[in-house]
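Heads up, the next two complexes both have subunit A, just with different partners, subunit B and then subunit C.
Coming up: the complex of A and B.
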């Protein structure tokens, strides 16, 4: 005797109701897909399924890249490519035209080299500080803190803010009549013009970008720390390993894959720094916080004598730097993987 | 030396008491096994001895010295973890050396100790490999090697065989026993596998819900389990339990009636029973024979597992399950009626509280 089929429950009925349009859709695309498969063959189906994505990638990434390269070979102030004249590598030559290569001020495009110099120091300082603070934050958040989830959220929240909002918040804090001066005034300290002092604005751009992005990197490192088995630490404890040695010999080597990801992401993002700085200082005072992306933007779009060709050339050079950085990361990553397998 | 004494050990995690009044003396050179179901506290007990967990109250002494406040590293013990806990980015040699380097031991001595342990465990060819390139069994040896090089007063092993496949487990078990014979050190071994416990231990500590149920040699536990839990836990397949009642007491024997109306005669010389007492009767499956003698139990066969050398018969006795393991191959099939004889079988009696009845 077979058991009677139980009548469907409410959840099951709801489920089949919700799935009905899906089934209908599947049936609708079944026929054309079969036809495509007949034409493309089983092996060609991978290409068919990848095609929409490749198309989007082509239109929004690859094509602009090519167009940008073409722009970098043209001159004039006109925007439309058809109205621009071909000048070959002139724009690149202009960027590299200097009387003395050790003195950026002697270059024809001195603003470009100032921006390169500023960006270089910004990247070196910001990335080192970023790695250090993110690592320390992750190590602290990985401990058995009271209200650990709260602290994790506190450090992550700035990541959710739009860069413009970040820039505005810190402008309110740092401007002459801002929160910082108000606070200092309560302790009898005279107000200071933080955003017009060349040195302080540079420090401020580093500090603000640290504040805005550190949570993201700390989160990646925290995930890496949590993936290290607790047993290893207990084994080290049984062996009487001192905390510093545990960090250098166990934690750091096992965190290396995550650390590498963080270094590369932080490097790339630091080279691209723009929005929050643009809102906070506008590149000033003078050119003290003029970074490469802002130079490209202003040269191409915002200045009175706009020069899209020159901006395109500068952006291609910046792209090359990013490609080199990424290749270095891939190389290190692969070497690390091979080492792990050996 | 490697004497470990535990006195009134208690351990709580918040409101949960994981260990309750543990008293135990472990002799120097003894191989002692903590066994019990998951969550019984056996691993926690091992970790408190190791110093990885602090006791809530009670005393831990190693060689007569109180070590409650002594750090894990300074207790002179070495632990082999269930997951092996090998450092994945270091070679086997570096793994073995890591603990020794902490104490600033001269390099020549470190190298000597590693070589000695590697030879003993036959891992010499793998010294330059990383744990990821070793099989489970090899990793296990490295984990033991890491403990050996430290020359500890006692080894603590937390389910070291549970990640190995069945065949390897049997051979590694024998190697562990041989290793203990060679080193002569105290070993404390945690497992939930009673076969491991029976084959390795000098003495077994059976634990349940944070308490020690019984401590004794493997055969003590098998022959005279202190209570129903130990009786059911030690021995494979598990002991059969039948509900029964004392109907008669005379001439050094007790007559018991099972719920199905069968009568069983048990030699009894104590004074703790009286007519009408309700009991649990324990019968090991291996002690049941197939014979139609007076007093045998008439059962219905539910399942037959023919293992070749023996036959396992799952049967039903008036609604109670009964398992028999009989030697050889039997022509019997599910649905058949059979007679289970317990004549001459050692029967275990447990009172209402599950404690062994004295004198049986």
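Coming up: the complex of A and C.
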């Protein structure tokens, strides 16, 4: 006696109906691939499976990486490599040509150095505030909270929003008749146009990017905190250790690997800041929030005097910074793995 | 009140309050307001008329001033609560204003004109949702086209990403071949190649392939994600090789093994990658901005930023379209948040 098979539900039938053409397609693909398998053998099929990904990857990631160097050594406004003339290291020389090396405004490409300076201060301030707030949030979320997953979701929510949406949300709030002025008005502060003030726009770009990304880093730190063995804390409690001492002696040292990863990740992301700032301020007013990626974008594409070679040279310099940061991160990861093995 | 405060202030284990508890509550409640407040404010604002948007101080709910058609007057007149000399208030319609005096009529008895000082009258307002903020951009601007472009890019790119990445991950996890570690190394090394470093040469490649001003030019560079290959491979390594060997005994072809055995078993990892891919592609901005220069090809993100950067920004439309752009991501957040948070905590990808 076999048990009667349950008749398929409506959703199951609908699913199999939808999947039918897909299955047919996969069977059709199978026919030529069987012939390939006969010719190349089972081991040769690995190449077949790898080919599409590697092809796309090669054309759209590796090839650009390589020809970026060629680009940075050519001049003119044409985009096709064959139409560009070789100029050697002229583009780099142009970036570094300054009358006085202590004053970025005296350089030929003062916009580049303005962008470098802005990006530097942005990275320093944003990353340190980011780590501080993410750490506090993670510590609080790691407490014995009611409805913890709800609170975690609250801080994580902006991470998924698109940078354009983030930029527009805050542009709307910082308007003259926006929510911020409304809030301050309750305390008798006159409405102010925040986005036309050089200093306040810089502060705004830091604040907005904090708002948008803090939840991501808090989440990684929270995972690190939850991986710390509970018995350490129990032992500390039995010894009557003060909470501050528990933090400095147990929590922080054991969280260090995660914290370092978060610092490097935050640095890498902050160096490339573009989207939300572009929508929020467009780099302005003036050049007060012009950051490196926007400089590359405008030099390469947007400005009337576009110079792709110069943009490529600038992007390679930026790439070098990112390579150093990535190597640091890989180094940290490897050290963490070795520790784990021991 | 007593019950409510006791409920809110209750502590587990009945311990007394510590300063860290206060910090916790301040941080959480402040976080709730700061994280959700701006998006909620935007959503409320998106239902306001342009006149209500220009108001300061702004109201939270969308109000419109009430109007009424009064016998003897062609245009609808604005309604006011007017304070009468005897101290009572009456709803009157304004005919015209001369200096500090408004000439008003009672809509029920339009014959007699009443003179009221403008400081003694307040507009009658009612809550009303300006849904035309949503319908107009779709019917009269190209936003329906932008929405379609965004959906097309997101769905196509995600499907190709899943197929191409899972094939590569299958090869890298279940076959021994020369150059395997080299392939892994290349993928790992380029894990961190950001768009901003390669955008100039990538643009020249896209235009030599004839993909400039083409949605495929937006899709193709994004599909071979190293992160995707990486997570799928890690997951496939846990599938026992015996399953594959048994299938080979039964004369299954390698493609059948990939399609019928490995892919179904990788479903959880594929789901995580699919969610991430949808969010990534929906939110992409800089690359579509470079590749697409014709209006009818814009994705929602590009269209929104271009419209919001124009000189006479029509905020009521921009706000409504921002809400539309937010909806898919908010849905993902509500229903699939668990997958995403575990995905990030486990792999550190975003």
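To be clear about the criterion, the second predicted complex is superposed on the first by the 270 of 342 C-alpha atoms of A that agree within 3 Å, B and C clash if a C-alpha of one lies under 4 Å from a C-alpha of the other, contacts with A are read in each partner's own complex, and residues count from 1 in each chain.
Here, a contact is a pair of C-beta atoms (placed from the backbone, for glycine too) under 8 Å apart; a residue touches a chain by one contact, two chains touch by 3 or more.
Given the structure is predicted, the values throughout are model-derived calculations rather than measurements.
Overlay on subunit A: subunit B and subunit C fit together in the combined arrangement.
After overlaying the two complexes on the shared chain, residue contacts for A:245 are found with subunit B alone; subunit C is out of touch.
In the superposition on chain A, A:187 contacts neither subunit B nor subunit C. With both complexes superposed, C is the one of subunit B and subunit C in contact with more subunit A residues.
Shared-chain residue A:42: touches subunit C; no touch with subunit B.
Taking the two complexes aligned on chain A, the least Cα distance separating subunit B from subunit C is 7 Å.
Chain contact summary for the complex, subunit C toward subunit A: residues 12, 20, 23-24, 27-28, 31-32, 34-39, 41-42, 45, 53-58, 163-165, 167-168, 170-172, 175-177, 180, 183, 186-187, 190, 192-194, 196-205, 207-208, 220-221, 223-224, 226, 229, 248, 253-256, 258-259, 279, 282-283, 285-286, 290, 301, 304-305, 308-309, 315, 318-319, 322, 325-326, 329, 332-333, 337-338, 340-341, 344-346, 348, 350. Interface of subunit A with subunit B (complex): residues 229, 231-232, 234-242, 245, 249-250, 253-254, 340-342.
Those residues of subunit B lying in contact with subunit A across their complex are 50-52, 71-74, 77-79, 81, 83, 85, 87-89, 98-99, 102-103, 130, 132-133, 146, 150. Within the complex, the subunit A residues that touch subunit C are 26, 29-30, 33-34, 37, 42-43, 45-50, 52-54, 56-57, 59-65, 67-68, 71, 79-81, 136-137, 140, 143-145, 149, 151-165, 167-173, 176-179, 181-182, 185, 191, 211, 215-216, 219-220, 222-223, 243, 261, 265, 268, 272, 274-275, 278-279, 282, 292-293, 296-297, 300-301, 308, 311-312, 315-316, 318-319, 322, 326.
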